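After this come two complexes, each holding chain A, first together with chain B and then together with chain C.
After this line comes the complex of A and B, so read on.
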């Protein structure tokens, strides 16, 4: 089985402070692998048996090598940094374009692609579904467990109010976003650290991905951030009974009415 | 403005982490140096003494009042600026600043003022840190200076004393003394201390202050000593610190490591072998089998107790170390691997982490043992009010550590006491945390403690390596220096605080 894990490096949110005017102070905050990315990596390493491959890849600046080194320390067999100035400013759509190109051009034939359900810096949770769409593969979001049973994968999704178990045939690509890992992050042994430090982290650019000009980066993005501000409003939530879709839709529309 | 509030008998200001409790009628809380001067004036007029209190994280009752008022410095924190002199960069702080605050301010991009022209702008942000690491990072820097605190990183960086550039103090007569290293040195054993009424000639004790091991037992004394060093480790008895300058060290990338071993003896032997190697760790810390079992036991009840993975089942002891991530790291690991295998460990039986968040998890695991015992004693105190925490704090030269360990074990067995052992093995300084169950244990532990203090002194060590003397370890000064030496300490106190208004009961003072 070939498993690709896409990971993202983010500022350590525990070290990001807010200044007197409500702005994020990121300087001094170390870059770390996003927590959900690490859950995805753990799941991949847990699934892989003898002869299986775990390939870690991260789209980001050169500093994202540190996150990839951590992937190698924790059990990935190969690591790729997807890095090109042309990728700067990519939104979720453009990111999915780049990652799908990686899956097709650099690591074709994958059985499973795992991502974190969302990254703590963007919080869109859009990349995994868009990636699945571009690859023509079924998407499984909010996955907290995957088991291999006979000739298929059993993926357990957690939607908050319900768990859904889905079966997917082995040998056909699935894209899953992972929402849960172990209680505590793993630590490598010194032996694993030394092995990882001796391994190569290969760099992949736009040309290697055969991406046409303008497919990624700001030009390839579908969204623009006009401005950001702190929201003063609180959120109120209401559970909607989904057993009757028509009634549920009506309830949602009523709730959205000004 | 100086805030004054009555103190009730349950006030937390009457105790510290030793779980010793005292008595005082008033809490005085200054917010500036003028308020401290006012507090001293009131004390002199009323004859009611002041006990200086920081964050109350001390282990020997140094801030526990014996009547009078508690002077809490909590409102006098703050990072006041960055300076630079011939030795390098320093940070200027209020006495209530904590090491955590200092290092977070140095790491973050938050703007800092300059204490000398242009220093804050010249200092590359994130490239410097305050290296003394007394485990309890929420203690105040005033308390750290007053006790000459040290900790794991003393192995590489030395104690607080080595990093204090300047202290500013309110003296017992209400005058202000601002002295930096190099300003005033003793002539032989006599040092001139400027006070409000003119210089006071202070005769320093004639004893030899042991600097070959970690040592906070008594006032520092040496021929030609710098005046700053008299106040470092004086436990609030000679002056009240209102500001300090602390030198900073260059930060370099580190990787934290834990090596697991199948027995305590294997870990001790590994550390002994490591001393002659090129590993050059930043610190060497130890957890014995009892400590690991304590962690396992608490985690069974509370999975969130530490953020680390489960300890390996085969692990019966652990050695922690931080190594610099430089070009020599792989070679150091090879050498460590050979030494570990010689003692039934290996590079496979280990954890490591170089991200800051992982390194903080390693720190948390080390700290979890004393924290657990502290919480246990705090709970026990509800049913056994007279009990307090009993943890030894003795350092010995490294080549005598095995003898000290043997003495520890023998004493605990002879007195029927449960214990865990952990701590700064690289400095010959292990803490024996005695797990008290009742007052009988407490009395036995006091006897055992005295026996072990005598043993540490016999082995060329100190009965108080890093926690200070406070009110709980005064008898050790007698064991170490004899009545004559203790009286010489009292003479220093009388010269600088003749009315005895500052922190009575600490160290040798009345």
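After this line comes the complex of A and C, so read on.
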């Protein structure tokens, strides 16, 4: 079985600071692999047995190598950085175009493509279904578990109000977005670190993906940011000393009145 | 943007061999198509979020409002409800098999419908299923899509979609290149329109001729855990600084007395103290209560993204530099658990 895991590198938002005007200061915030991406990779490694391949790939700037190195440490067999200046400014549509080209040109014949449910920076959750449609494959979102049973995969999805399991024949491509870590979660061993450090992270660009000019990046996008403004920062109101809990409680009750 | 195709039609620009123009970028595109998500098994109803979207679609003034629904003949009683809430035409893709959610089949049928009626705008609630179906349909139609919008308006034929970006510290206005223009709409942001009894419309039934059905082996409802925090008027919310059984008990008691619910940040979910459905934030729910009481919540960017729309925020934290202070109308520097207990005591004693 060939499994492709698309991962995303995001700024570590726990470490993003806020300046005096309430704006985010992102420079200097370390980049980390998105938590749901890690769930997806984890699930892939848990599913893969002997002879199965786990291919990790990330579309992003050269800095996304860090996430890919982490994928190799966690058990991916191969890692690809999908990187080209022409990809800058891609929206979900353009991103799905690039990732589908990767799945067709670089890692054809995959049985399963896994992505994280959504990424903490963009939070659109649009790429997996867009990718599935482009590849003509069925999609499974909010996947919490995948089991192999006989000749099929059983994918367990959690819609919040419904838990369901769908059967999908092995050998036909499925695209899943993962919302929970597999049972595989573990720290990499020292030998895994050493093995990963010796492995190559290959880079693929627009030409390698046979993408025509303008297919990706801002030109290949279907949405455009017209304007941005800082949101309601400045709510910052009165601060009260709460060293006496009883006084603090009455301050809350007063403060609740409109 | 909308003049990709001149007033004379797209005919002369068609690539050789293409018989019919499916150019939804045409300015002829008109109207708003809304997915009417149906909930409930034997007695189906149109979901609250779909009613909200329907109301917003009617208010946009983008032309006629088309509803589309999927399922068997049990949906027939819902036509009247859809008309009464703003739909002019309801397209019912009638097939009993589609009463379960099949995103591939829904997408196929919705694409055929959109190619026929050429809506300018396609909207869905940003529910888990709406957020799964919308991108597939956007891809099938090569349409732009903005997820989880908190504002929508028309500007000269263009749909301007507002959504929080970067965890809510920025608000972005986004527009689509071409038509249709697609958005999912955050539940609970727009009011559901009041019913207009007697309002009439047209219902059109079509069959589903495709075969993109999933093999659903099991399906079971997840029992509701006592309500939906995204609709609560008062939330007593707990974070890392109040991640204990004692705090949870006090919070439940306070919430009960205030007619509200208990919500939390990720810390409590990670510790198994509350289910994920109670989590506020980017990976949890977005809430908009009248009062948000934050106990021991430091206010990570992800958390703040989910509570920005609260009318009033009161935060208790022992760290005076906690980021939540910037988002609190009233900030109390103190121990979350002690203050919570005192608040519980104060609400118990009749004064």
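Basically, the second predicted complex is superposed on the first by the 222 of 258 C-alpha atoms of A that agree within 3 Å, B and C clash if a C-alpha of one lies under 4 Å from a C-alpha of the other, contacts with A are read in each partner's own complex, and residues count from 1 in each chain.
To be clear about the criterion, contacts are C-beta pairs under 8 Å (C-beta built on N, C-alpha and C of every residue); 3 or more make two chains touch, one makes a residue touch a chain.
Quantities reported herein were computed from a predicted structural model and do not represent experimental measurements.
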### Query
For chain A, which side has the bigger count of touched residues, chain B or chain C?
C
### Query
Which of the two partners, first being chain B and second being chain C, lies in contact with A:148: first, second, both, or neither?
neither
### Query
Looking at the overlay, does A:255 come into contact with chain B only (first), chain C only (second), both, or neither?
second
### Task
Go through the superposed model and pick first if A:224 touches only chain B, second if only chain C, both, or neither.
second
### Message
After the superposition on A, what does A:132 contact: first (chain B), second (chain C), both or neither?
### Response
second
### Message
Taking the superposition on A as described, I'd like to know which of chain B and chain C A:163 touches: first, second, both or neither.
### Response
second
### Message
Looking at A:236, would you say it contacts chain B, chain C, both, or neither? Reply first, second, both or neither.
### Response
second
### Task
Scan A:187 for contacts with chain B and chain C and give back first, second, both or neither.
first
### Message
So in the superposed three-chain picture, is A:124 touching just chain B, just chain C, both, or none of them (first/second/both/neither)?
### Response
second
#### Entry: Where chain A meets both chain C and chain B, residue numbers
14, 26
### Query
How about chain C: which of its residues touch chain A in the complex?
39, 101, 103-104, 107, 128-129, 131-136, 138-140, 142-148, 160, 164-178, 212, 214-222, 224, 258, 277, 282-283, 290-291, 293, 300-302, 305, 308, 312-314, 316, 320, 323, 325-335, 338-339, 341-343, 345-347
#### Entry: chain A residues touching chain B - in the complex, by the definition given at the top
12, 14-15, 17, 19, 25-30, 32, 66, 70, 182-191, 193-194, 197
## Note on the structure
Listed in rising order, chain B residues that touch chain A in their complex are 107-110, 125-126, 255, 257, 259, 303-304, 306-309, 330, 333, 336-337, 346-353, 355-358, 361
### Query
What does chain A use to touch chain C in their complex?
13-14, 16, 18, 22-24, 26, 35-36, 91-93, 96, 118, 120-121, 123-134, 138-139, 141-142, 154, 158-168, 221-243, 245-246, 248-253, 255-256, 258
